[in-house]
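For reference, the structures are reproduced in the following blocks.
Paired with chain B in one complex and with chain C in the other, chain A is shared by the two complexes that follow.
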Partner chain A sequence: MDISSWDGTISLAEFHAAACALVEKWKKVSSASPPWSWVSCPKQPWVASHEVSVEGYLSLENIILVSIKEEHDELPSFPQKEETSCSDKEESIDIATLVQGQSDHDEICYYDLHIVYSAPYRVPVLYFRVYYSDGEPLQFEDIKKHLPAHSAKTLLDSKWTFITQEEHPYLNRPWYKLHPCGTGEWMKLLFQGDVSLARNGAAIEVYLISWLSFVGQVVGLRIPYEMLNQL
Partner chain B sequence: MAGHDSGSILVFAQFQSAVDEGFWHRLSSLKLNKLGIDESPIPITGYYAPCSHPQVSNHLTLLAQSLPSESNEQSSAAAMSRGNRNRCPIRGTLYNTNTIESFHKLDKKSLLRVEAKKIWDDIHTGRAVEDSALLSRFLLISFADLKKWNFHYWFAFPVLVLDPPATLVDLMPASQYFSLEEAESVSAACNEWRNSSLTADVPFFLVSTDPNSHATVKHLKDWETCQSDGHKLLFGFYDPCHLPHNPGWPLRNYLALICVRWNLKSVRFLCYRESRGFADLGSSLVGEALITVPQGWRDHQSLPNAVGWEHNKGRQVPRSISLAKSMDPTRLAISAADLNLKLMRWRALPSLNLNAMSSIKCLLLGAGTLGCQVARMLMAWGVRKITLLDNGRVAMSNPLRQSLYTLDDCLNGGEFKATAAVKSLTRIFPAVDAEGVVMAIPMPGHPVSSQEEDSVLEDCRRLHDLIDSHEAVFLLTDTRESRWLPTLLCANTNKITITAALGFDSFLVMRHGAGPFVSSHDFNVEAANALSAVENIAQADKDERQRLGCYFCNDVVAPIDSTANRTLDQQCTVTRPGLAPIASALAVELLVGILHHPLGIYAEGEVANSLTSESSERPLGVLPHQIRGSLSQFSQMALVGHSSNSCTACCSTVVSEYRERGMEFIIQAINHPTYLEDLTGLTELMRSASAFKLDWDNETDLDEDDYVDI
Partner chain C sequence: MMEAQKYVWEGAIPLQIHLHESEVTTLPPPLPALILAPRIGYLPLLIPHIKPHFSSALPPGVDTVWFEYKGLPLKWYIPTGVLFDLLCVEPERPWNLTVHFRGYPGNILIPCEGEDSVKWSFINSLKEASYIINGNCKNVMNISQPDQVELWHSVFNGNLEAYLKVSSKLKLGTAGHEYSANLSSGSFVSRQSAGDTDATGQVKTGRVPVRLYVWGVSEDFDDLEDAPQIDSWDKISYINRPVEIHGEEGKCFTLLDAVKSLLPEHFQYKSLTNEESSKEEGEDEQKVPSEEGGENLSEYVESCYPSDNAEVKLVRIQGIEPKLEIPFSWVVHNLMNPEHFLHVCVCLKFSQVKIPSDG
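So, the complex of A and B:
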């Protein structure tokens, strides 16, 4: 791939190839971290496609974010009125049941990451959502609070990162995503800047990993060092 | 009875629930499309896996696929999806109610007993040995408020209560309990069990260790064989709990099974937990429990006590979650609209002031071709507060050119335009704050009889109040004279005023200058109104920076009845259809320009190409005073016109007359068309003009007829 004339974008087939490469490498290199998996999606009949089932996305789910003790206000803005506090003796107190402290569960949240291909921009896009164990999604302001410190900084400072909330293309629910309009540009810069990348013929497999190494910082996802070394 | 004093009571950590958003989405959809008001119990599947994190317990999770699909090929018995190592499927029952009252009225005790009985039966019949996941059956009650997208719910994990409770002899990390060789062998055997697709989702098992420290993992049904072997036997189970001193909830029914079927009084158990996908004997626990089999338990018919309603922050109350933000279509529309504008700001115009747009109140006089388009453009820019004034009804020819109306609005005589427009705007964007006013604008040159006078005065007052309560006014009516009163009122209160007027193939879009009685450096509209007229009368003349003109400033005649004595096609809407959308779009862009100009309404008029360098203070470019365009030439010009001291609408004479005499003045102007000309001295001016041959060239292309518009 000639870096000088390349615009930093990839095709759907290339995305699929890069995704498979990432899944494999990840499994090999980092069995400790939860694995990425490819979720295949049935083709939408109205989309003309000559490609064979490359429709789908990469998924990494249920990652636990344990936040440091901080002020945690009552979860939902939705008022919890009249829980008809259980009528006398709904259940007799059972001494064999552990009564757990209330704060423990609240601060734990989970996040899901999906890497989806964007046809109009021809680049991968990171979709993510963060939620409490009862499924309640966190608002973006709260997500920022849970990110590791340097990620939050990257997010705010970088002119490449713009988080928006949009419909997930396959799940049809609002997810946060890192807007792709800058991606082509900085991918090109990334590849140009790294001599070994620029020379390397196997650029496609490396594309997604390089992309993830940058984008992952924004959401506090650590890419195992070995992944990057195997280029 | 002969109580055991040795050892403390075995205390279990409750199962914890986790519901993925997708579950509620699917339930909503099921309810709306299939179930309707049917309240019969629904079989569902929950999923869990052994604990894999030292600080966080694993949860019993519900996902979208926990619910049966909507299609009817679904078999009635819960077709449990085959699980995998991270998702052991557990059977559950959902009772979803139709009202919040019936939710709270559900007999929780008896529902729990029904589920507990199922477990009890499965234990006695031996089904639970074949399919051990049945031991962890659960119950869920819920109420889905599909108007507000709130979901109330409560989980129960029924367990049979041992009375007296089981006691703990010892409990320690598995790595402590096993010898090194045993530990290695047990780990290997467990990993094998976890990696085989046949057994990965079987949550209860036996660990049998032979004298050579070789361990094997077996199904529960192999218990008899293991017994006869005489090897060390451990009762293992996937433990969702992470705590170092307490086993997880599944152990409770497990002990019940063990003591009923196999009559053991002492049970060695293994709380199996993992780390990074492999058996972790450091966090896994091995313990020994002593059970006193309660008397009634031999008897299948007598169901023991059951507990298991999930605690909510330590209390026995249901939970609720609001998903309005992600499910309510209106909210989704709002955030999508905001996203669009934010993208614009982020990518192209960082100094875009979106707050100014969303807070400004716009009054549109006229809900016709221009009014409809202006309203739409305003919404596209993020304006949310729009008032439309029009006294007409939607006619059959309107929907083609007036973009807010459809055929339905024309039926039965036609809806009032103002009302239909508001409905249409709300359909397009539910969060718009739109209001419609059905009213005619009093016009000079259309004299009123004395009976009508009161209602005309009322209309004047109403118009005065409307203009007062908005920040920007668009004059989009179909006659010149209907623009007079609004222009005067706006000049009086110094409101941003934008006029759009159409000819057959030409248009004019302009912003009026500031009113005559406010000091140029006073940007506060309220303060402007508070200034006394007397104090500032002379200001206009002395003011170096001449204010820009209004629509009437270039006139030499006062507005008269332009509709009389005109041929039919001049009275009707005869303009090239492309004009209205162009003019409306420019009118709104002009407003946005004003809002972003540091001087606002006082900004000087600029012509095209007048900005020499990219200025970050001027993100939107030049701000013209007037734009005159011609479709026949496909051309457009930006012009500047200053105010006239003889203007019949905005000059200081007229405005101060209005301030002094109010409605009396208005009525006089309405009934006596030449009154305004006399007042402003236009009459005098005309007489002197005919005496000198003054050159009115720059006005010749703008005679009366060109102002026929929609």
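So, the complex of A and C:
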């Protein structure tokens, strides 16, 4: 892949390939934590899909995420400078998503995370829902309180362009979505900043994992260390 | 070319809006409100006109307004004309809708806080269209505040002249714009493509913002009134995917081509099955197969059928059913909505395997 002329975006087929790679790797590396799964979505619900469809999304549901307010200084920021996530000195939490026992909040919140391909922006987009154990969804204000501190701040600075509530492209229900507008640009920066990524022939598989390592920070999803250790 | 756009902007749906019976607290109940809704507008924008009509009949409480048609809650961010074209296959005039001021179905509809929400949704769609056409949202994001206000007001008020003045600053000319000029000179043929733009600077290849609303039937219907009623959003497949135009010598990219290109599971549109495997940069691009160059249009249309598992039964845009052979670029340029999306309602008929019934 010629990085210099690449605009940071991917095609649907590439997304599908990257998604499958992520599912496999996550299972291998983090077998104790809940797995990502691919949900296949034929575009026409009334027709049974006989073929494997590349249309679909990645799903990770019913998970509890640590609120990592106190750790925000250590997290890699969105790529303004050269960085590789795997070499940063992060907390060595292998099992990134499950919290054992009570959190320090009044109630435990559950997240559903979906990674959906956006055909207009040609990038993955994170959709998520947050709800209490009885299934009742959190209001936007309460969600902000549960997000890691630094993303809550960014949220306050530019609410309308950051997290928005929109209809899930497949499920006809309101979900929260991270706006995809700048994704292509910072994915390009990310890859340009990492010589090893650019050199890697399997770059497309790395794309989604790299994307998730940044986007996941918004909701407090930590990527297992081994996922980022590609080469 | 202004003619068609004018008709689109002046198009309106007569609505007869009934207050939901559970919210009527007066006797006799209020008469329905009659209002002409602009096709390119949105239902929440009508609320200031409707509310006074019903306010004396409402129970106490905070208003959370939503509309429904035959039990189906209406998605407020879809332009009114599109909702009508999609849900009222046999056009009903006036269109009978029910309004609710209470009990917003927040598990189904995203929240709406009146004009601000609609405006935000509009601008967001405009940004998306800009990204599709130009590869970035800069033009929309850098528009001056007065211009943004002017743009929204022109849409709100249905003022095409004001809209054209402001929107030209956004530089959202779409791929295939040059076809309009060709049409008026009697030629439908595209010029040779030498990459993204040719020597005259006109865009030949590119992406066009389209939103497709697809529903399917398994049986033929001759009359629209026999078409099945859509009673759930799950019966509609919403496809928000840009149409990719590749300029081809001697070949006109039609509306039918565009629709089929967005439904690759059902139509084998040869030049676009290679789309996914080619990237815009670096790698050698797969050339669009040239064997299609020799086919004339009717042959091409017929050849789609044997290998496809569906048939395009109805295509409706801005309330009309354009001939499918019309150049797609003309359709886009003249029938698109103010946020630069072309909204297309499509009905597909699927051939079912007939199961022999036991005597």
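Just so it is clear, the second predicted complex is superposed on the first by the 165 of 231 C-alpha atoms of A that agree within 3 Å, B and C clash if a C-alpha of one lies under 4 Å from a C-alpha of the other, contacts with A are read in each partner's own complex, and residues count from 1 in each chain.
The rule is simple: a contact is a pair of C-beta atoms (placed from the backbone, for glycine too) under 8 Å apart; a residue touches a chain by one contact, two chains touch by 3 or more.
Bear in mind the structure is a predicted one, so any value in this text is a computation, not a measurement.
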item: Which of chain B and chain C A:S133 touches, first, second, both or neither; value: first
item: Touching partner for A:A119 - first (chain B), second (chain C), both, neither; value: second
item: Partner chain(s) touched by A:S40 [first = chain B, second = chain C, both, neither]; value: neither
item: Which superposed partner A:E166 touches (first chain B, second chain C, both, neither); value: both
item: Dominant contact partner of chain A by residue count, chain C or chain B; value: B
item: First (chain B), second (chain C), both or neither touched by A:C181; value: both
item: Residues on chain A lying within both footprints (that of chain B and that of chain C); value: 164-167, 173-174, 181
item: Chain B partner contacts - residues on chain A that touch it in the complex; value: 31-32, 64, 66, 76-78, 80, 83-86, 90-92, 94-102, 105-106, 108, 131, 133-137, 139, 162, 164-167, 171, 173-174, 179, 181
item: Complex contacts: residues of chain C adjacent to chain A; value: 75, 106-111, 120, 124, 127-128, 131-132, 135, 137, 209, 214, 216, 218, 233-235, 237-242, 263, 265-266, 275-277, 279-283, 348, 350
item: Of chain B, residues touching chain A in the complex; value: 9-14, 16-25, 53, 55-56, 59, 104, 108-109, 112, 150, 161-162, 165-166, 243, 246, 252, 276-277, 305, 307-309, 311, 313-326, 332, 335-336, 339, 342-343, 346-347
item: Of chain A, residues touching chain C in the complex; value: 1-2, 5-7, 11-13, 42-47, 49, 51, 53-54, 119-121, 160, 164-167, 169, 172-174, 181
